[in-house]
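Below: one structure in structure tokens.
Labels run A, B, C and D following the written order; every chain starts at residue 1.
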Amino acid sequence: MLVVMKPQASEDDIRAVCEKIQVLGYRPHVMPGAERTAVGITGNHGPLDPAEFETLPNVAEAIRVSKPYKLVSREIKAENSVIRVGSGACEVTIGGKKLAIIAGPCAIESREQAFAAAERVRRAGARLFRGGAFKPRTSPYSFQGLGEEGLKILAEVRERFGLAIVTETIDSETCELVEEYADVLQVGARNMQNFSLLKRVGRSKKPVLLKRGMSATLEEFLMAAEYILSEGNYNVILCERGSRTFADHTRNTLDLSVIPGAKDLSHLPIIADPSHGTGRRDKVTPLARAAVAVGADGLIVEVHPHPDRALSDGFQSLYPEQFEELMAEVRAIAGVVGRTVPYGPEASEPATSSSDPAPSRRTAQPAP
Amino acid sequence: MLVVMKPQASEDDIRAVCEKIQVLGYRPHVMPGAERTAVGITGNHGPLDPAEFETLPNVAEAIRVSKPYKLVSREIKAENSVIRVGSGACEVTIGGKKLAIIAGPCAIESREQAFAAAERVRRAGARLFRGGAFKPRTSPYSFQGLGEEGLKILAEVRERFGLAIVTETIDSETCELVEEYADVLQVGARNMQNFSLLKRVGRSKKPVLLKRGMSATLEEFLMAAEYILSEGNYNVILCERGSRTFADHTRNTLDLSVIPGAKDLSHLPIIADPSHGTGRRDKVTPLARAAVAVGADGLIVEVHPHPDRALSDGFQSLYPEQFEELMAEVRAIAGVVGRTVPYGPEASEPATSSSDPAPSRRTAQPAP
Amino acid sequence: MLVVMKPQASEDDIRAVCEKIQVLGYRPHVMPGAERTAVGITGNHGPLDPAEFETLPNVAEAIRVSKPYKLVSREIKAENSVIRVGSGACEVTIGGKKLAIIAGPCAIESREQAFAAAERVRRAGARLFRGGAFKPRTSPYSFQGLGEEGLKILAEVRERFGLAIVTETIDSETCELVEEYADVLQVGARNMQNFSLLKRVGRSKKPVLLKRGMSATLEEFLMAAEYILSEGNYNVILCERGSRTFADHTRNTLDLSVIPGAKDLSHLPIIADPSHGTGRRDKVTPLARAAVAVGADGLIVEVHPHPDRALSDGFQSLYPEQFEELMAEVRAIAGVVGRTVPYGPEASEPATSSSDPAPSRRTAQPAP
Amino acid sequence: MLVVMKPQASEDDIRAVCEKIQVLGYRPHVMPGAERTAVGITGNHGPLDPAEFETLPNVAEAIRVSKPYKLVSREIKAENSVIRVGSGACEVTIGGKKLAIIAGPCAIESREQAFAAAERVRRAGARLFRGGAFKPRTSPYSFQGLGEEGLKILAEVRERFGLAIVTETIDSETCELVEEYADVLQVGARNMQNFSLLKRVGRSKKPVLLKRGMSATLEEFLMAAEYILSEGNYNVILCERGSRTFADHTRNTLDLSVIPGAKDLSHLPIIADPSHGTGRRDKVTPLARAAVAVGADGLIVEVHPHPDRALSDGFQSLYPEQFEELMAEVRAIAGVVGRTVPYGPEASEPATSSSDPAPSRRTAQPAP
């Protein structure tokens, strides 16, 4: 059930609706919109009577929500959600006109490696840094990440390079630790239906980057996000990272149609991961261009100062110079789809994008 | 690395090998075999020198293991593992000549429902009872299980009906509680790569039923089991429960070839779940017959006293009478592939299997 | 539209219905049943009026058919179709109590190879021989079959060994040639939606073995069969041969649930191909057992006298001794699911199936 | 085997190589390149001796080709193939700097419908017209196309609107008829491994548009093209049209990574079909943008004057105004990836693309 308030509804009117919901034993979710506020109801095990709410002051209507998801739905919130990430000098938004570019190594291996990566991705225009301290690995014998030591390095990266930190949380036990250091909590594809973890990050104050599972339908993906919102954390960024199919020319099949698909149904921002989505370094940049062209709100890209020496996923990590090229190409595409990449070498000049001379010689060349 | 002892090796010889491994900073895993014992080594981040071990007393050889999995591999243990489950009157084995039949409702809904199901599945020949107290559900608004109350009902079922209890653990937080009541800890398909949970159940004393993820390769499946064994719990039962494909006549595509496939590579037992594997009541029995014919070590089947009133998965739960038919058909197939279903109405007659007309030398032998 | 006749309807009554249909510009399909005859109507581009037919003598009712397929549907014919294949000494049926076992090499390579294979598969109990003369190959540079020379060898095999011949037709140009020599025309998975070829074999007098496409849904599979029936050839045998999925432990994923699935919806017989379905020799026999257990009407198996020297698919072809084992195991399973394999070494003894110890009333019944 | 000539090799030198190949009983394929010519050899059933050719005048080297495909490979021809399509006023190229835009209805239904579609797509900038006269349909009872009548309408469209014609050929029987009228022969996804048809179009003088099969690997796709080239027709345009996966938010999953993937391995041009690739009208334009961004050489798009009244695929056909928007968005993307769309409303102004005013207000807006 969704209770839609009239535009003139006051704070008190909204509070009255919430109290009524709580009295009935359910949970209210206030979703402010540009023009008017809606209040979602969760916790009911059967249909509710709209009349219960429509008689309250300044309630426009009470709508039965037909989709299995509610809080993530555009039915409850028509405008795009813009998620605020980081704070102070590192604050960026995800979901608005500016593309969010998250870059960095698969795993944090050392301070030197992290700093080298951070310096290069910042200079190229990224304002969010990725890097795993707790790594979910297929083999128990593979490098599992530096743990808290890695988190501390990430905090130094933020301090020194002005980059907001995106890092993975793999279980409730270590989630609190990750929350201390991270600006965005990443939930990996293998944990997309780890409902306990979803509930845990749903109780966090930090935004969550939720990756689509390897064989998750769009509905399951949105339901996973719903778990997080239903616990009270509305700051969720979706991420397409490739599905498992029979195709063998890439490690996964990046499903770009899910990006406009998710945007149709949900107000949440959605970004793409062309690194895991292809699993091959030489395919990352073309698919990054395509993701921005299809309407993604941003990218998450693996960049390593020395991919050949990486402890994990080296074959899909870009060299720093390749990331610079990617940024130049993505910036060009962004310019024609109504987006901007406001940082980096080209943007740093007179950032008055009106004079934007556009397609410079550095811009994208199609594959030969 | 795998250190294979000579047949005449004593306990002391084995202990010496373990100590050497520990001194080097690694972890020994003693795997006793019918003829000789092997000691697996985990924790090393690079190749070891076989000479370090081959010079110890009564070591036959030290073998570099080429596969990414070690402890689950037939290279380390050639004979089938037979897992002992439950205790006292409820003790059964999984992986031997007797088929393990696990049956019961998707979720425990009430004492009445559980008892009604237990009474019927026991009478039909099941000796293991399934039922979820903690349910991983796609929607946060769906019934999530009765929690500890459900576990208590399961304990009563064991007491009253002499059935060993299989129930799911969904996170580390509640794992200890589940361990208290369960005889077998189930890890669901969605958690197959929840590595924190795998490590947690790897430290449990209770056997683990590990379901294959919806799009997991056989290697990933075995690596997930390896996580559990690498923590010291060697009592793992694999379970095929259907993969996600384009096909739409069933909810999942039950991949029966993975059963002989897993047996080729691993000593662990593997059973099939035709309920989730098809998602349709009318397909459960034919696929149960096929699973036994292909060589499965057992079945896990959803049975509900009133499927039409079930709180979850009712459309794939069998009516008790259908389960009786399934058992009769499975018993017939078992008889010709060298297996037995030693309980239930037909078995209760002269259970002296000597009069058993079947398993001629020419008939089917399960994969070794 | 389906016109169902009353049980007492005479030939003339049926003829009157057909004439009426033709007068309206459509096509009648007479489908005799055990108790009464139905006449299917195809060729209409919109709904017909039942009253047009229900007023004719001895018409019970005229039913609008809701499914996209009509002639293959159980709605039009409730009993299983039993297809008569071959003639004289080579006549066999597919779809009844007796399992149809089709065996032989992937491709006919020489008279010696074909005879050696035929001798062994006949002795083991097969009564149908497979072997390609026209081979659809992924590469234009691979062996494409012996063409007519291969067909002549197949005719000799029939003559000499009393085996009905199943061989593939790959295009309309050579279909007539294949028809001359073959007892059953095989349409391969890659041609399942080659609608021109389907129509061509639909005009043939020979039965058709139709393989499921690598990513065909059940509905598409039945619609492909419908193409054949709609041209007047009602003798179609379906064949599951594995789907393409992400799984890499077998070449394809054999989808055994499609066997009861097809039987629910269609009266046509369906067999399984565990050779292509797994692509690995060591998995053929376990999956053959499973296919019979699930209710398949038969098997098609690749057997080569010298698989290591085969010009195609050698790695999935059985050695003759392995095929003998397969037959022994399949015979045992058949016995408990109400089927028989009436030929071969064990069957040749007192073939008085009365002494047959098996099919008790409780044992497996094939899907109706 | 690939015989690479020296840059200074004369026509006579090349002829001498070809004669030598023919004398040996094989088939030569002359592949002229920008700098030097290579001669492919097919028809050999085993390895050849390089020395046989390296001793001929002006042969640089004879290389054993390791990939299963030869003629389609970049090993044999490093530069992109640019395919010349149509003639006279209708001549266009596919594979060069200019994007090839193919648009029109799924099926030709009438002269009025075809003309209405042609007028609009021409005006928007398309120079190739698509429309089926022979339609492969899942159901034998669905509209199968107008046949030759449809082809005649297509010829009128070419005459009247100056559009080159792309239309499907579904079998060898009608291929000659289609060749008479078409400028490009389309081979549909369901026929990608109809090898008889591939050979037939391989003997045609007309270029071929080859669609990727629904579950074809990249290697199988290239091998299907190899069939066409091996018969002497080197004018093949590849087309990605979506794969079959578990995902249900689109009809197929458009695999854009196959575009750079094919370009890595092959010199053939490759375009994308976002209409079949998504199966949903509202996803066609975003995926068209993405396809151009990833590097596609063109697009094939379904446009119908009245999609709601279409006899086939209406739900995925664009309205003419939607196609105009698509063209404006695609033109903007093309501009930043080094491509042009030289026709249509915006291009028709001062076509001196230097002054290209670029992203007009009509250009792409990301999905809300």
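Basically, contacts are C-beta pairs under 8 Å (C-beta built on N, C-alpha and C of every residue); 3 or more make two chains touch, one makes a residue touch a chain.
Just so it is clear, the structure is predicted and the values come from calculations on it, not from any experiment.
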Inset, instruction - Work out which of A-B, B-C or A-C repeats the contact pattern of C-D, with more than half of the residue-numbered contact pairs in common. - result: A-B
Legend entry - Comparison of A-D and A-B (more C-beta pairs in contact): A-D
Legend entry - subunit B and subunit D, separation of their C-alpha mean positions in angstrom: 51
Legend entry - Centroid spacing, where centroids are CA-atom means, of subunit A and subunit D in whole angstrom: 37
Legend entry - Residues of subunit D touching at least two other chains: 215, 244-246
Legend entry - subunit C partner contacts - residues on subunit D that touch it in the complex: 42-43, 45, 68-70, 136-141, 143, 170-173, 190-191, 193-197, 199, 214-215, 220, 223, 226-227, 230, 244
Legend entry - Residues of subunit A that touch subunit D when the two form their complex: 80, 215, 217-219, 243, 245-250, 253-261, 263-264, 277-278, 282-283, 286-287, 289-295, 329, 332-333, 335-339, 358-359, 363-368
Legend entry - Residue numbers on subunit C that touch subunit A, as the complex places them: 244-246
